[in-house]
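Chain IDs A, B and C follow the sequence of writing; residue 1 opens each chain.
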Amino acid sequence: MTLRNLPAPFLRRERTVSTMMADALFALALLLILPTVQYGPRALLQSLAAMAACAVCDILYGLVFRHAFGSGDPSALVTGLTVSLLLPVNTPYWLGALAGAFAILIAKAPFGSTGRNLFNPAAAGVAFVTVCRPDLVFTYADPAAGWLPLSGDCAAVTAASPGASLHAGLKPSILPLDLLWGMYPGPMGCTAALVLGAAALFLLARRCIRPESIACFLLTAALAAALFPRIACPALTSVKYELLTGSLLFCAVFLLGDPVTSPRTTVGRCLFGVLAGGLLMAMRHTGSFEQAACFAVLIADAFAPVLDHAAIRLRAKGVRLP
Amino acid sequence: MITSLRGYRTEDRRALSLREPILTLPASGTLVVPLPGAEEGTARLVRPGDKLAAGQRLSLPRRSAPAHAPAAGVAEEIEFREMAVCGPVWTVRLRTGGERRASPLRPLPDRPEDEDVLRAAADAGIFDEMTGRPLFQELYRLRRLGAGLLLACAVEDDPWCSSACAVLREDPEKVERGLRLAAVACGGAQIGAAVSTRREEAALRRARPGLRVEVAGRRYPARAFLLRRLRAAGVSAGLIGPQALCALADAADGLPQTSGVITVSGDGVKAPRNVRAANGTPARALLEACGVSEDVSLVYAGPAWRGSALTDPDAPLPLHARCLTAMLHAERRRQSACIGCGRCGRVCPQGILPWQIHESLRGEKVEPYLLLNVQSCIGCAACTAVCPSGLPLSAEVSRAAAIRKSGDFL
Amino acid sequence: MKETARELRAVFGNGFLFYNPVLTAALSLYPAAVCASLSQALPVSLLLLVQSLLAGLVLWAVGSRLPDWLRPGVVFAVSAVCWIPAALLAERAWPGSLSLLGAAASLQIANSMVLSRLNEYAPTHILPAVAADVLGCTLGTGVLLSLQAALRGWLASGSVWGETGAQAPFAGALGSAPAKPFFGFLVLGVLAAAVQALNARRARRVGKRRVSRL
């Protein structure tokens, strides 16, 4: 028998980084079901294109700069799938691939890959393509028009999303509660609020994401929506519209709940959620894009280490913070 | 805010090894007996070539317990070597053979005083398997701290080890006798037993009605949580291993401690059970007594949290090794960067944030006042066990504690 | 003498690359945001170079005699005065370029990199060192400005000089993003990461343990 010399403790870890990434992939894959049913296999091909671009960039970067095969865990695939779910189905395949490549090569790899990145790579990738080609990113296919062709540039019947109507100051033509089912134009994975809720519960139960930042973010966004509605309607209707349109829920669960880029202290995470919520609602009121969640997430990510520092220093002074 | 949900829930694999009674392995072949604390030449009482009798004293260290020969034979070699669980220690290689027995030690009087019990524990060379230290030092420490309750500790804190439970189950009356003697040594403390589960508590109450039983639960580190709970209730408690208590009861009759109960288990062992083996038995003898498969890739001695991996199957084990576990698949611990999941902070029983210590130590300049709470680390290594990135957090926290203690940060 | 020459080379190298103020201290980012082609970056680089050299000389001469509370104001005034000949030279070299830049050109009086070097280094060091530092910092800044401007000009309009009429490569993918300031910051960020990696490798060779912090 050949015996190995390993250090203590000799226990099987119940969670490794790879299993947590697998959980995240599963939750994201749940969100692919509805778009595939609505728009056809093009949704799957979009995801594959983005994931392939991320994986290739990760592997190449690892081979060239660190003499390793990629970063050692499937986080690049998670980034690719997240990026594709934030973009519409009818975009050309190279858009998702460009966003994925930017996410890995600029927002993740130079900072040190998994665990060391300051900004959420998926948010950075989507933000980049939003600034480059907002016309492509904000043109959504009408789900009532049936399945989309699989070729690269697809001429789809487009429709305005409820987010665009709100941005223009008009009441969306869809009832607020119908927004739950996800049968309206919008980014691929951001429309089905019920499936998002199920995915969030799954990830919370597996402890892959932390609830404090998500809860504070949603509360702040709801409060801002109630106090400063963009359209003339009761406060509750405004809250329902604001929370259920756009990529707010998706970004709350998958981008803000990301343990690497959010602060590590509980107090820091709560403030992080509040900051992101405030920024997002401000951008929705005054910004030029109808979906601004990725930008809000990026700015809040930049403040995450500051919040952690402040919490640790307060704790060192003796203030009992959770 | 240390809530009761801290700690790490371990799996319970003790049932298999507890099915059979303790197997006594006769001392044969070559034993490598450790002589702890015998760094001075005058502390080692044997020379190569000496004929030894069973129970003969081999060492007389100043600050540790003496060692006794587990069997009659010839001392082949006296050497300083690394031994599992003991570390670097002087050892006697004993080739067994013959039937000579040494004269027994001085037995205890009928009503012993505390000094008598301490002397008997020291003379018999008893080691407390829970702490790895000599029993007389542990009793002295508990007496100094004014312990009001002494518990026979059958709380294993290891998924596979069941040696303490087996000893308690085999002869609870002897354990209680040892407890009473230990209580005398500690200045008249109360006695009781500590177990992990309610089922064990019921079984023990049936066997020894009238003995106080405390249930510690299955969240690691269960012993630390039990002591904290008792302290919160105003009881200063001490935990002593049942094997040491049985040896104390034997020492009252003049018998030195020369053997220990070791659990041989793991998924690489076909018939896991508890084995009573002589001090210094090679691991191979224990494994073969229980049928080890040829495909094992990891064998470790001691509890999973702080044991040591054996690379040589013939490595000898001391009597306080507690368990020997053979696993078919060793998990390759690959390190990556901290992902900020926060599990280490949630699991720590002392309220330390190991991720924050890791961040502080990663930079060039360490700010010692930011290493919060590190002196209270009890070394349970639960943080290292739960970390998904495989970081050696327990080692980093002890490094931080050393930095803080050194005062060398101006 | 040899040590002085080596030290001067080190000062120049630090200012030019290893501790370049633009990349390691995030100074002088406004020109990086504004200059989107070489026709804008080169005049600004020449302006900064001449302005800093002249101001550095003046401050080397008088700086150590100034009280601390007066120094920032004097530095600002000297920088403004030295801006005038520098702007005239740049205008002579590339006619019309500075007036096209408008306020961005005149705001270089208050360029953060220039002011910081003049405040912290020039008054308290010997003349060769001041010259090496100023040259290194401004040449490094100029090279970086020009690099990112050339890239952005080429991506935005197909020609590094920013002339219209050429076909912009990747126009379908990038749209109008290269002309926006954030693109300049992105390019500088990647270069900053590269320089930090270079510094880490140098430190490892020297034997020092260096961990880059964010």
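One rule holds for everything that comes next: contacts are C-beta pairs under 8 Å (C-beta built on N, C-alpha and C of every residue); 3 or more make two chains touch, one makes a residue touch a chain.
Every value quoted in this text rests on a predicted model; they were computed, and no experiment measured them.
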- Task: Could you work out which chain's C-alpha centre is the most distant one from the centre of chain A?
- Result: B
- Task: Give the chain pair, either A-C or A-B, that is connected by more C-beta contacts.
- Result: A-B
- Please report how many Å separate the Cα centroid of chain B from that of chain C, as a whole number. 65
- Taking each chain's centre as the mean of its CA atoms, how far is chain A from chain B in angstrom? 49
- Message: Roughly how far is chain A from chain C, centre to centre by C-alpha average, rounded to an integer in Å?
- Response: 37
- Task: Please give the residue numbers of chain A that touch chain C in the complex, ascending.
- Result: 94-95, 98, 106, 110-111, 118, 128, 131-135, 305
- Touch list for chain C against partner chain A, complex: 173-177, 180, 182, 186, 189-190, 193, 214
- Query: For chain B, which residues are in contact with chain A within the complex?
  - Reply: 1, 10, 159, 292, 294-300, 302, 304-313, 325, 327, 330-331, 333-334, 336-343, 355-356, 369-370, 372, 381, 384-390, 392
- Flag every residue of chain A that touches chain B in the complex, lowest number first. 1-17, 19-20, 72-73, 112-116, 207-208, 210, 259-260, 262, 264, 312-313, 315-316, 320, 322
